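The same subunit A turns up in both complexes below, where it pairs with subunit B and then with subunit C.
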Partner chain A sequence: MIRPGPTLAPLAACAALLVAWEIGARLAGIDGLPPASHALAQIPAILGDPESLLHIGASLRRMVVGFALGVAAAVPIGLTMGRSRHVAAFFNPLLMVIYPVPKAALMPVIMLWLGVGDASKTLVIFLGVTLPVIYHSYQGSRAVEQKMLWSAAAMGMTAPARLVRIVLPAALPEILAGCRVGLVLALITMVTSEMIARQTGLGNILFNSLDMAQYDTVYAMIVIIGALGFVLDAAFEWLRGRLVAWAEPSHPIMVGTT
Partner chain B sequence: MIAIASVTKTFDSGKGRRHLALADISLDIAAGEFVSILGPSGCGKSTLLYIVGGFIPPSTGAVLVKGERVNGPSPDRGPVFQEFALFPWKTVLGNVMYGLERRGVGRQQAQARARELIAMVHLAGYENFYPKELSGGMKQRVAIARTLAYGPSILLMDEPFGSLDAHTRTRLQNDLLDIWERDRKTVLFVTHSVEEAVFLSDRVVMMTRAPGRLKEVIAIDLPRPRSRATLLLDRRFQDYVVGIERLMDEPAQEQHR
Partner chain C sequence: MRALPAPIAASLIGALPIALIVGLWQAIAMSGIAPPSLLPAPGTVFTRLVQQLGSAAYLDHVATTLIRLFAGFAIAALTGVTLGVAMTGSRWAGAVIAPLVRVLAPVPKIALYPAFILTLGFEDASKIALVVADAVFPILLATSQGTAAVEPKLAWSAQAAGASRLRCLLTIVLPAALPSVLTGCRIALVISCIVVFLAEMITSTDGLGHLLVRAARSFQSVDMFVPLITISLLGLLLNAAFNALRRRLLAGFPEAD
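And now, the complex of A and B:
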């Protein structure tokens, strides 16, 4: 079946945005807002430059490491919180305090401990990722049906085994929803951390160009970061769809209705 | 086989208030007996079943199974819940195999056994379906097969057909009796349907409104194997149903037993 609507709509949205930008920039005529065509023209140059590719690579490396460590730490905490009132009572106030703090705002403090290198930036990304993943894992773990756990207990599974073999898969759709939020936050904290501690990375190129009034490059970088976010999210959604296909709603098959 | 000895259960309903769910229940169930627990909703009949399963502890009293005190769940007491409680990330085959694999049965053997059971509950051909793709009746068939798979000698059934439509319900009742006739496991079956209780059981245990007490235990003396078509026409079946319904409608007087 050919359904042009859903495929064309996002392309139309992108095109409309670019046209509005182009026209707006030409009408406004401000230095700080170059037309879309000028900014987009910079993209091949940036992506063709080995040095900027190294920067992008460094950013992605920190992001992946921070994200992976964040998920690895957050999922066990969230799942245990969901199954134990005591663990939840212990972590909940801590999370409440940490949640509203913008993680990038901690960057200057963290730099005092760990310097301006990879360690500080990865830690900030880690902090940005952990909270949403903990929160979603906690909700997912709490919602696991009691009777499902009892069924497993009757098979002779101990509580720790149930946490890994029942709670984890049962909560996976919710955990992955948290990871998706975490992934976007990882990208945001990655760029912000590089704004504060400039040395390498996507954010470094962006903010250095801003300082040097190379606005075409600034906007080109913004487009690149946006595209990167889009690609990462799409890749993640693809993976998520494969992992939790069993949870997606579908019509029950009514052949032989018993 | 099962000895329920002076079991009471009190729930903490918050703010220091306590709610008495079960008051002094004593009951003995013989090996191979099919016993239904019948009562109005909220009378604690499911709670009693969960206590026998070892899923929740009694407040006082004890449950002995084969002479040993119940301290927690065991593969010897297999539950089947109204909510099915299947593992949604596993296929039908995966669900039925699960308990076998946990008990250390090899993959090949577990698969072969699971396929037999799936055929026995009339779901051959659905091995690779996920629970979300099945109707309620089919899900409950999978749940029954999953529990039978690890070979419990006692089945604890918590209103297993309560959420199914009338037609599906009678088909599953018939099939359950067929399965039960093969090896006559001990069954404790919670229901609020009088007809279902009389049709299936050797004895029907009636409970009062909350706090749940035993009101009456009625032996159902009807020939086995039973078939719904003959029983519905049988005067004795009708008498049991009408008699029990009358008893249920009686105001909750101080019945003692």
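And now, the complex of A and C:
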């Protein structure tokens, strides 16, 4: 069932932003800020062009692969950290040191090592995704009721089985909250690293059109990337609602950056 | 042998992975698998870092980056706290701001950078604008969540005692929400640090990010690592300094973690 409020309000917000942009651009009348209508008119041309579709598809594929690998690596680490003091003590200082490193800025260094292909781009996205997912899995795993684990142990369940059968489902809402942040970060890292590396992808189309002074295309790309962020986040929220309907609704997103 | 006290044992375990990584780095660099032009030895990089931190030209770039960072962060903090309090204080403001935040928060702000360049120019203003765009949301969300969670009885008693709604928001609700607000600010500070560096990497003629790109263009791998380590250290330091400030400000708050 769709409640009208939460669906209509963001649409109204989008419309208000577009109207404000249109009016602002017409009032300002500068080359660097075309009206919303001109930019939106470019979107069909971009999405209809097979070459740019290929770029966008390649970007999204790298994003999905990097995200999936990141989640697959981060969830087990986070869950074991939450259940073992020693594992937490092992990883915590390392994660604290990695936290303020701009992951997308590693792009030039990683490109030296792995070349300009998919491997470096996927690795950077992987690095961007892992930290929030580890952190949330850790918090979720720490909060699991000790009595449930004791009862399971008393009934003869082994430690790895307890982690998979009890800690994982109990921590799932928190893990998914981490995945939500991770997904948006994957998109941010993808766009940023493409802007820095300037080889292929969405970020590259954006800056190429900037260099060629195709301002309408620049703004159209911004709208496409922005919409992608909103749609990915909303789709994940919907999925999360289905998977863990029993848990409390999550807080609004507090996304970091890479 | 007596066991070590728990905190010391924990920090020893924690130092292990970092030592392993530096050791591995050293081993690979020494083994010759990777030529120094691809992976300089850790010693070389740290010597260069210390040398650069003593050079006036390098510190000029650091200062440029810091000015952009703090200008953006200050604007974001002011805007974020104001809008966050407004969302809790007025139902109208909440109804207008909440959907806008819902739409704009998951948008990759870095994509707006070309728009900022086109409207604000290639200089400081566009980079500061990008920092504001990225840093404002964590502060805004933390403020609105924190102020919404304040015990309503506190506000009711103040209003019963004759305080106006605005006064009540500023002197009762905002201070009571301080732990949450400061957490949002701390996250935003590290974000600002990262974003200003990325913006400088994408287009700039000065600042730490520009130094990294300049070194990458001329394949000076040692000089690529130095700005990267500097910005990460700055992030760590600012994070630690902000935590210390937060503890001072929150002395006496029961729920401060």
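Heads up, the rule we're going with is that the second predicted complex is superposed on the first by the 240 of 258 C-alpha atoms of A that agree within 3 Å, B and C clash if a C-alpha of one lies under 4 Å from a C-alpha of the other, contacts with A are read in each partner's own complex, and residues count from 1 in each chain.
Just so we're on the same page, a residue touches a chain if its C-beta (ideal position, glycine included) is under 8 Å from a C-beta of that chain, and two chains touch if they have at least 3 such contacts.
Predicted model only: the values in this text are computed from it and were never measured.
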On the A-aligned overlay, A:L27 touches which partner chain: subunit B = first, subunit C = second, or both, or neither? neither
Dominant toucher of subunit A (residue count), subunit B or subunit C: C
In the superposed arrangement, which partner chain does A:L172 touch: subunit B (first), subunit C (second), both, or neither? first
Using the superposition on chain A described above, determine whether A:M148 touches subunit B (first), subunit C (second), both, or neither. first
Doubly contacted subunit A residues - partners subunit C and subunit B: 252-254, 256-258
Write out the stretch or stretches of subunit A touching subunit C in their complex. 9-10, 12-14, 16-17, 30-33, 85-86, 89-94, 96-97, 99-102, 104-106, 108-109, 112-113, 184, 187-188, 191-192, 195-196, 203, 206-207, 210, 215, 218-219, 221-222, 225-226, 229-230, 232-234, 251-258
Which residues of subunit B touch subunit A in their complex? 50, 53, 55, 72-75, 77-79, 81, 83, 85-90, 98-99, 102-103, 122, 129-135, 137-138, 141, 143, 146-147, 150, 152, 167-168, 171-172
Interface with subunit B, subunit A side, in the complex: residues 145, 147-148, 150-151, 153-157, 166, 169-170, 172, 244, 246-250, 252-254, 256-258
Contacts from subunit C onto subunit A in the complex sit at residues 9-11, 13-18, 21, 34, 38-39, 95, 98-115, 117-119, 134, 137-138, 141-142, 145, 184, 187, 190-191, 193-195, 197-198, 201-202, 209, 212-213, 216, 219, 221, 224-225, 228, 231-232, 234-236, 239
